[in-house]
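Order of writing sets the labels: A, B and C. Residues in every chain begin at 1.
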Amino acid sequence: MRLITERPDTRPTPAASRDRGGPQQPILIVNGLRKYFPIKGGLLQRKVAEVKAVDGVDFSVMKGETLGIVGESGCGKSTLARLLMHLIPKDEGELIFDGDPVDDIRGLSLRDLRRDLQMVFQDSYSSLNPRLPIQDSIAYGPRVHGVGKAEAAALAADLLNKVGLRPSMFGARYPHELSGGQRQRVNIARALALDPRMLILDEAVSALDKSVEAQVLNLLSRLKRELNLTYLFISHDLSVVQYVSDRVLVMYLGQVVEIGPVDAIYAAPRHPYTRALLDSRLSMNPLERMSEPPLSGDPPNPVNPPSGCRFRTRCAFAESVCAERQPRLAAADGGAHLVACHMADAESGHGRAGLSAPLH
Amino acid sequence: MSDVNAATLADFAASEASPPVRGYWASVGHRLRYDYATLFFLSVIIVVALLAICAPWLAPFDPTKTAMAYRLKPVGFKNFMLGTDDLGRDMLSRLLWGGRTSLIMGMVPVGVATVIGGFLGVLAGFVGGRVNTLIMRAMDIFYAFPSVLLAVAISGTLGGGIKNGMLALTIVFIPPLCRVAESATTLVRGLDFVEAARASGATTLSIILHHVLGNVLSPILIFASSLISVSILLGSGLSFLGLGVEPPTPDWGLMLSALRSGIYIQPLVCALPGVAIFITSLSFNLVSDGLRQAMDVKA
Amino acid sequence: MWRYAARRILMTIPIALGVSAICYALILLAPGDPIQSMLPPDATPEEVAYLKKAYGFDKPVPVQYFLWLMRALSGDLGASIQTHRPVALEVMTALSNTFIIAVGAVLLAFTLAFVMGTIAAYHVGKPTDRALTGVAVMGVSIPNYWLGIVFIIIFAVKLGVLPATGMGSQGSANFNIFDWAQLKYAVLPILTMAMTPLGIIMRSTRAAVADVLNQDFIQMLRAKGLRPFAVLRHAVRNALPQVLTVMGLQLGYLVGGSILIETIFAWPGTGFLMSKAILTRDVPLLQGAILVLAMAFVTINLAVDLLQAAIDPRIKRA
């Protein structure tokens, strides 16, 4: 058997040499990203309202880090992922990938972006074509980018090895012949087939059993090390996010409410929503019982979000200023930890503004 | 094999028990091989088709040669194994030749409509938006006619003849096939693997060819196969009304119509074309059912 | 519900317009000069000129269509070439006759099919199910125009218990379905016509009931110790709306597709009328009959949709 590692690398340019901006340049900068979905209704099916799924989101992702994104379901996490992948058109905003604006005359073409940025979907079954053997699903991306048939097949085999599936045993199988965990490994291999520099993992492990989830998470961290990847890790599972992330971004109703280093946020959340989310985790200690739910009710309708601060309808500290002005995302302590809450802004006029550790 | 870790070993263990790898079409074929009822009716269709194809060599008489002396003779009369019709023509020869036109009327319109309707439906389903609205609303209008009425309306105004008959049937079958193709495509388009293909930078055409067609083909084919029986019944019906095949060309529907007056004299002989239509359409129906069962699985 | 109804009715308008456009286009598609096809071959030049002007054939096609549509909306579908009577009158008389056998057939088919389908669903996969499903497949595979002939051979020719063709001496003017002397003429057409809907309704009943029987709440009823018959009653009640929809659609198909059966039994309905119109190349009559039947089909479908929305609480379409 020929050793796969001896295969000459004929792919256009290896990921590492595609680095343009150097280590200090964020791999992805998102500025003012906005996406409203129209709701049609009435007799003539005209647009009657809009779902404000992603409403003015800014953040950046540094090279080599894992940025976790958390929030309740329906807060716009998945829409954000699809916007970043350009799977749905954005309404407004700017995406800069390693210093180059995306889908711009001057900048990076979509085709080039898609070599560098790939995605793993939540549903491991529906994200694989049921009529294709998995090795063909993996080889499809490279084939689209002009890699020859034999080379693409060799690459697929190589990738299957990388994700821990023996090609001779699994390559020719169909998705329904694999378990959920195996399928998600295939999806990871497929996302890696174009040799990307960054992966978006949209609830990629959420549907798996806990033990399988741990295996896949270990695989992801190993791949990240070996292939020098950057992850955007979207999940509703706060413990998993804590485990994998370097920094965490908290979303509420289509907006960023807090972003910062994972330790800072988990140790001292500055936004009452983040605080409530963290409190709603079940403790392993039976003595720490929850007497009342830290977060009650459903999030408000994203069609008509509350004025001012969107969280004020569920916030225990809401004051009149919260309904009047929308809080800006600003540095809380030091530079890295940003929060959008009037309580963190000394000049906001909120009664608790400027208190050093307001939530404890 | 540098990467063998615990998970890989677990995968090896799991795979010991899993079934041999088999593609979709191979597994459909495998399932059909053990469906004896479907195989039986499939062989009936093959026999009918072979008889029709070999009609020139099998038919003992010229199917259009009339003989006034031998009108409406019973089954087994002299050399006429299945009797004679109202103009003294040999029934067996006419049934054999008639199978040709009836099968052509059953299969050609469905085939053409599958290509046209399938194309329109996949286009409407994949592109969506205005294109979808335009195509599907146009189909809705044709859908607003009951199939028999539409077939009669088209061939009734265009006039009889096998070509007009087939044209009418094709137009009748395009809208339902288009609908099936459209809904299957819309379903597939929303699945993540299509998104993933787009995310890998594939063109629309490539996605349709590699990811959509393979997944919508089986519902379209299942539906199309169920239409063959309808097409045979409708085609014979048109001929029965004098709108399809024109005399003296032998055709089962036309023979049935011509022999209507003969039922008082030779009921059995006059019922034969109907038996032929019935057996063929029943076989197509049951084979289509078997095909549906064999194809209608996730695998 | 009312919003849905209003929208559904509004959506019917473009479809009805499209249907009328196709009916109009039929005249243009017909081989030869449309005027020739609307007149008997021995028409005088004056008659030709008159008709040309009356129908606006000297004007562009969209204008012609508009004029024709306006006349049709006011109930004027022209006159039959053969009988010179108004097409609208001929078609409407025939339509009521078609409804007699179509409604009869669909009711007969529904009654039989619902029972058969429920029994089959209860015994899914067992011989009873196979036998009943086999009957259903035969129902949809059989050429019913041939079955009609077979019925005539058996009941009219051999047994002599039922009349073969026609509608009886009373004709269609005052047909009384409660008078056996007249009703017996409708028996064979209804029986023949019921075959296809029998197969289709039986299959959908079987699928619907079997589907309900698989649901969790049925397991719960069984677990509670309900007798099989009582369980089945729950299943049937849940499957009924779906089956009623299929039945309504079948009525539409029977009304629109009655031509073959009416031709065999010389039953003076719309189909028989069309059959005669085809033979005599009476294009105005053919066109009028097609238009009226297609509109009847559209109306029946609309009614079925609205009824379904009204009886099925799960369908709440804003």
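What we mean here is this: contacts are C-beta pairs under 8 Å (C-beta built on N, C-alpha and C of every residue); 3 or more make two chains touch, one makes a residue touch a chain.
Only a predicted model underlies this, so the values are computations on that prediction, with no experimental measurement involved.
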Identity of the most central chain, Cα criterion: B
Identity of the chain that, by mean CA position, is farthest from chain B: A
Chain centre separation (chain A, chain C; CA means) in Å: 56
Chain B-chain C separation of Cα centroids, rounded to whole Å: 24
Separation of mean Cα positions, chain B and chain A [Å, integer]: 49
Contact footprint of chain B on chain C as seen in their complex: 14-16, 18-19, 21-23, 26-27, 29-31, 137-138, 140-143, 145-147, 149-150, 152-153, 157, 252-253, 255-257, 259-260, 263-264, 274-275, 277-279, 283, 286-287, 290, 293-294, 297-298, 301
Chain A - residues contacting chain B, complex: 82, 85, 87, 110-111, 114-115, 118-119, 121-123, 126-133, 137, 140-141, 144-145, 161-162, 164-166, 169-170, 172-174, 176-177, 179, 181-182, 187, 190-191, 193-194, 215, 218-219
In the complex with chain C, residue positions of chain B that touch it: 137-138, 140-142, 144-149, 152-154, 156-159, 229, 233, 236-237, 240-243, 253, 256, 260, 263-264, 267, 270-271, 273-274, 277-278, 281-282, 284-286, 289
Chain A partner contacts - residues on chain B that touch it in the complex: 1-8, 10-12, 14-15, 18-19, 21, 23-24, 191-193, 195-203, 206, 210-211, 214-215, 298-299
